[in-house]
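In the two assemblies presented below, subunit A is common to both, partnered first by subunit B and then by subunit C.
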Partner chain A sequence: MKICDFRALLRHALFVLALLASAAHAEPYLAVQTGLKCGQCHVNPTGGGLRTPFGDVFAQRIMPHDHLDTGADTWAGEINRFLSVGGDVRFDGQYETTPGSASVDSFALEQARIYLNASVIPTRLAVYVDEQVAPGGALNREVYGMYWSASHEWYLKAGQLYLPFGLRLQDQTAFIQTVSGINMTTPDQGAEFGWEHNAWDAQFAVSNGTAGGPEVDHGKQYSGQLIYVEPRWRLGLGANFNDAAAGNKSALALFGGLKSGPIAWLAQAELVDDKSIPNSGGKMLATLLEADWLLAPGNNLKITSEYLDPNRNVAENAETRWSLVYELTPIQFLQLRAGVRYSDGIPQDNAEHVRLYFLEVHGFF
Partner chain B sequence: MPSTCDSTFSRCTASSEGSCANSVSEPATSFTRSRIDDPAPHTIATAGLLGDTSARDYAYKLQLFNSFAAPELRQAMASLDLKPGMRVLDAGCGTGAALAWLRQAAEPGGLVVGFDLASAHIRAAHACAGAGAAVLQADLMQPPLARGSFDLVWSVNTINHLRSPVEGVRRLATLLRPGGRIALGQSSLVPDMYFAWDARLERVTNEAVRRYYCDRYGLDERALAGIRGLVGLLRRAQLHNVTSHTCMIERVAPLAPADEAYMLEAIFRGSWGERLRPYLDAADFAELARLCDPQHPQFALRRADFHFLQSFTLAVAAIP
Partner chain C sequence: MLWSGGARRLAVLATLTCAGCAGNGAGLDQNGQPIGSEGSGSNEPLSANLQSIQDNVFTPICTRCHIGASAPEGLRLDAADSYSLLVGVPSAEVPSLLRVMPGNPDESYIVLKLQGSPGIVGGQMPLGGPYLPQASIDVIRQWITDGAPNSSAMQTASRREDGQTFILTGTAPLDGARVPAPLRQIIVAFNHEIDASLVNDANITLERIDTSDTQALRPLPLRAALATGDPTVIIILPRIPLGPGSYRVSVRGVGGGALADVNAGTLGADRAFAFAVAALP
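And now, the complex of A and B:
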């Protein structure tokens, strides 16, 4: 077989697999489906990273299509009552086309991350580490100490942390994640205060505003969100202001979720004003609407529509992106995700017309 | 005095028709042999009020009770008007039989979670509840669940195992969302009737059982019977709209296999048996042994006049 034929076959196979296979993951849609707050499944009250014992059990018993018997014991992440560990590994194959460029197909280890939580005073005081160990060298994502009040109505954490601002999606390339610059690739160093009371959730963080890099000025970044969570719906408001020497940046987000039968809806609209971009060119708008249809246990169909106006002072420059992702969790701790992302923007920019087909294997514990 | 010691050991959930019910078939042995556990003496001081630890295992007794009391437990559950989509926690889920029923009521779209302290119970609960219910091992006094997560907390014959029941109820209440309810079920708040034909023997047997458990756990009668204040307990936990309803679990001869298995294994052998000998005079103990011996012509469960009564109380309260 010729190499070009093999590639074509491989591309075809990936595409077919992408349509047939799938995976699910601890994402906001799961919180909406269950009516729970992020902190039910994650040690971090704002979501992501190490799963709680409940999150681990949920991942074994409720998420997957089938449960493989592991005998007498169940993994709950707890080495002992003081120490919990977890991890995520994502490996994918991609096929990407961009007009005017040669198509690219590749395999990539997207990330391997290890989490550790040392509850030195169980339920009250903990040290948390989120370390990306691959690809490349070790890269610290989050390291913080967190103190919970006795009633668990408030907490204080300090260190390097993800900032609280809107939906924390698994897809870090979503417009709403990139436009604000606040996502799980840009942790910052600072402190966060959280408050949880009945249906309300609120967090406020003060950080350097350097995405984890060294501080270069006196300005600080202020991030916060207020969320109201009902079993069938939730609504939140997020705000961020980064006082930076190069120019202030502010962002405002309105986000929410709704459960309608087997479908969980997520939505976020976000206004960003980045003064570091001259001539008022930094006024941006990004939106996301996502539907997650739980077809059967362990089978989720995710359809996402995104909109980005990169400069609200310029007409007809918007970019849209559609994603269709099938997520299958065949057994506990294993997810397969297959999908296609279709971008559309101004004709002059080929980069806004990318077609991405991917198949991802996600292992976690 | 109700047969408190029996009820306190029956951390009943409920049995389902599937594997859970099948798992309780245990051949009869003798009066003095029992699979019902006793906690190791050295653990009692640090364990729950009734000796509960993560290593404690009385799954068999729970399964027996679940199969026996299933109709009444399901009736009590039905009175709560559960709806699809609800998020329900079974606190002290034991061997998990109630999880299956709760799932039926909360689906589609609901979430059912159970936790229990004992490893052995969790293993049984996983097998019983199957996929679709999350079961985790946890101490009720430190539940590993986020505040405000559930519409209902269901907890049967569990709170009486706590050294600080009011505090336990408060902890459970924090897991409820605004308007959420807590339903505490408790059997035997009034005396059980075993021997309809011999009230005296029944009374001395119940007293013997009570004295045995008082000695075993170093408790006085007030502590052992503290759960009788179920309604007051809910009020002291600052809960609102407290209601209570009691039904009778009533069985008459001829008994169904599940009923006979429960009474023979869990009561006659598990809660009574040889260990009551020091607490009864010789004649009463001999009489009791005859009534509890399946091989004896006087075996109570085969008597035509056998009539068993046990109360089951469900107290419900809400958070504001």
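And now, the complex of A and C:
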């Protein structure tokens, strides 16, 4: 990208951001705090992965507590007008206790991901790759081709993709992520149609329904969501049906966000009925309520409460989880996270009483 | 400003308390199943058999994700599915390796994933930790070394049959299942120790089913042997890994020289099961 182009982009981004009431950080609450759609900051219209030039500028000028000057050249992710790259690296130090087990303390490279977007026809046709390169061997997360209409009101993408269904959180172990089985560890192969019109945002996907595994039957999985986005609030409805030989699964999610001053609220409730789970154990309910409090630029306090009924046919089996996470973004592209996560469940299952304390270094570009 | 500062603080505090309460677990086993129900597990400590591994590892830990129609990599680890989707089934991430190769834990992908060994694709399991202690992994390794028998099915069968009648208790792939190609081995489990001298290609046959109108059966060459360390399990190795198509395995259970247990008990009837092998996408 030429410097003059970048400056125009920077001016545009800062102008838009100046219209917003407050700054924001990462994940869906960023979208709620800014009143923007996910696709404003991410190449993927449903969020996650490679950031757009707007998202990169946002990450440098708005997210951090301090901006380290890099002179006239500023990272915008674009190698040239056809090729963009990005990445995320998360490194954790954890201390975890489980009743009846020895405590565990460890350092671990949680995830390193590299993104590549080849806009072979700029703004219209792109090939996108999201590759997890660590830990373990390389693992495809998303690989798809995407075609945008000339008006940018609709798109079609096909390949391996994250499915559209509710909030796409960074924490893949959240109840609402695991109960539906739809999260960023379970991309599926298929096609997605997306529609964006003013405040409306909708996606519909047809996929194998094997969560990345090989197709084993003729049934397919259908996932969709419809979201209405206003600057201060948003409301969405997600639905999923997996026609599987092992038993059909259906899921329904109601989710939304609200901005109240420096706090962005996220909420989701989902009902799942998975007939592939034996002993009538597939009727589940999961909820999430999250408050992200922007205490100062670059300082976010995240409080999350979750509830899970793993089998609605059984009484007294509910689980809960509370998280308190402080996120400090001291400079651009670097985030430090410190948090605690308390799980609670039935007394006879020690695994439902985990206490997790963690520190995380998150680098991204 | 939508809310005052005080109301905002109260609302955040409310976030911490509105999740509801965890269940008190009354009437449930350690896996949250009603005591005495079909899905209820036991309180036995972890030992090298599938039922124990299911109760202590798969159900309480793995099924937090690996359950249901959208289980990651299509791998469901609930009690009803774990054996048929693990033993003798190619892994989705590294199809050249079986998830569980009876008799060989070092070549079993589940062990590599649990250990975080070099060569795995993606992260160590359980994803994000805490990872299983080595002592637990060693128990799973021992179960595989012993031939990865389907003890849960055998226990069910022995309860049903009082342990006296020689019966077929489980197969991998299951009857009617559809598994990814190539399929390198088939497993047939029984409730009693099998007379090794009767494990041969006269008693165990593998046929490809012609999917045309004729439904003709075409015999395929195979090698059948007892699983290393577990004489209740027969491992069938097709001479050529099975590609896409429909197949049937037959076990001769009556007549002279039919398959029998070490006490000369026979199955009393021929047994057969069929399955389909599908191409990887």
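Throughout what follows, the second predicted complex is superposed on the first by the 340 of 365 C-alpha atoms of A that agree within 3 Å, B and C clash if a C-alpha of one lies under 4 Å from a C-alpha of the other, contacts with A are read in each partner's own complex, and residues count from 1 in each chain.
Following the convention adopted for this analysis, a contact is a pair of C-beta atoms (placed from the backbone, for glycine too) under 8 Å apart; a residue touches a chain by one contact, two chains touch by 3 or more.
Being a predicted model, the structure only gives us computed values, none of them experimental.
Student: Is this a clash or a fit when subunit B and subunit C both end up on subunit A?
Tutor: fit
Student: By the touch definition at the top of the document, which applies to A:Glu196: first (subunit B), second (subunit C), both, or neither?
Tutor: first
Student: By the touch definition at the top of the document, which applies to A:Gly261: first (subunit B), second (subunit C), both, or neither?
Tutor: both
Student: For A:Lys220, using the defined touch cut-off, is the partner it touches subunit B, subunit C, both, or neither? Pick first, second, both or neither.
Tutor: neither
Student: Check whether A:Gly247 is in contact with subunit B, with subunit C, with both or with neither, and answer first, second, both or neither.
Tutor: In the superposition, A:Gly247 contacts subunit C only.
Student: Which of the two partners, first being subunit B and second being subunit C, lies in contact with A:Arg232: first, second, both, or neither?
Tutor: After superposition on chain A, A:Arg232 lies in contact with both partners, subunit B and subunit C.
Student: One more residue to check, A:Thr52. First (subunit B), second (subunit C), both or neither?
Tutor: A:Thr52 sits against subunit B, while subunit C stays out of touch.
Student: Thinking of the overlay built on chain A, is A:Thr74 touched by subunit B (first), by subunit C (second), by both, or by neither?
Tutor: First partner only, subunit B.
Student: Considering only the touch criterion stated at the top, classify A:Trp293 as touching first (subunit B), second (subunit C), both, or neither.
Tutor: Touch partner of A:Trp293: subunit C, not subunit B.
Student: Mind telling me which of the two, subunit B or subunit C, contacts the most residues of subunit A?
Tutor: Result: the larger residue contact count on subunit A belongs to C.
Student: Across all Cα pairs of subunit B and subunit C, what is the smallest distance in the superposition, given in whole Å?
Tutor: Minimum C-alpha separation, subunit B to subunit C, in the superposed model is 9 Å.
Student: Intersection of subunit A residues contacting subunit B with those contacting subunit C?
Tutor: Common interface on subunit A, subunit B vs subunit C: 232, 259, 261-262.
Student: Inside the complex, what are the residues of subunit C that reach subunit A?
Tutor: 1-3, 8, 11-12, 15-34, 37-39, 60-61, 64-65, 67-76, 78-81, 92-93, 116, 119-124, 127-131, 133, 178-180, 278, 280-281
Student: Okay, in this complex, where on subunit A does subunit C touch?
Tutor: 94, 96, 98, 101-102, 104, 106, 108, 110-111, 132, 135-139, 172-173, 178, 180-182, 185-186, 189, 208-217, 221, 232, 242, 244-249, 259-263, 272, 274-279, 281-282, 287, 289-291, 293, 303-307, 310-311, 314-322, 344-349, 351-352, 354
Student: Tell me, which parts of subunit B touch subunit A in their complex?
Tutor: 85-87, 108-109, 111, 113, 119, 122-123, 126, 131-138, 142, 144-149, 151, 174, 177-178
Student: Which stretch or stretches of subunit A touch subunit B in the complex?
Tutor: Going by the criterion above, the answer is residues 34-37, 39-40, 52-54, 57-58, 61-62, 64, 66-67, 72, 74, 76, 122-123, 151-153, 196-199, 229, 231-232, 259, 261-262, 297.
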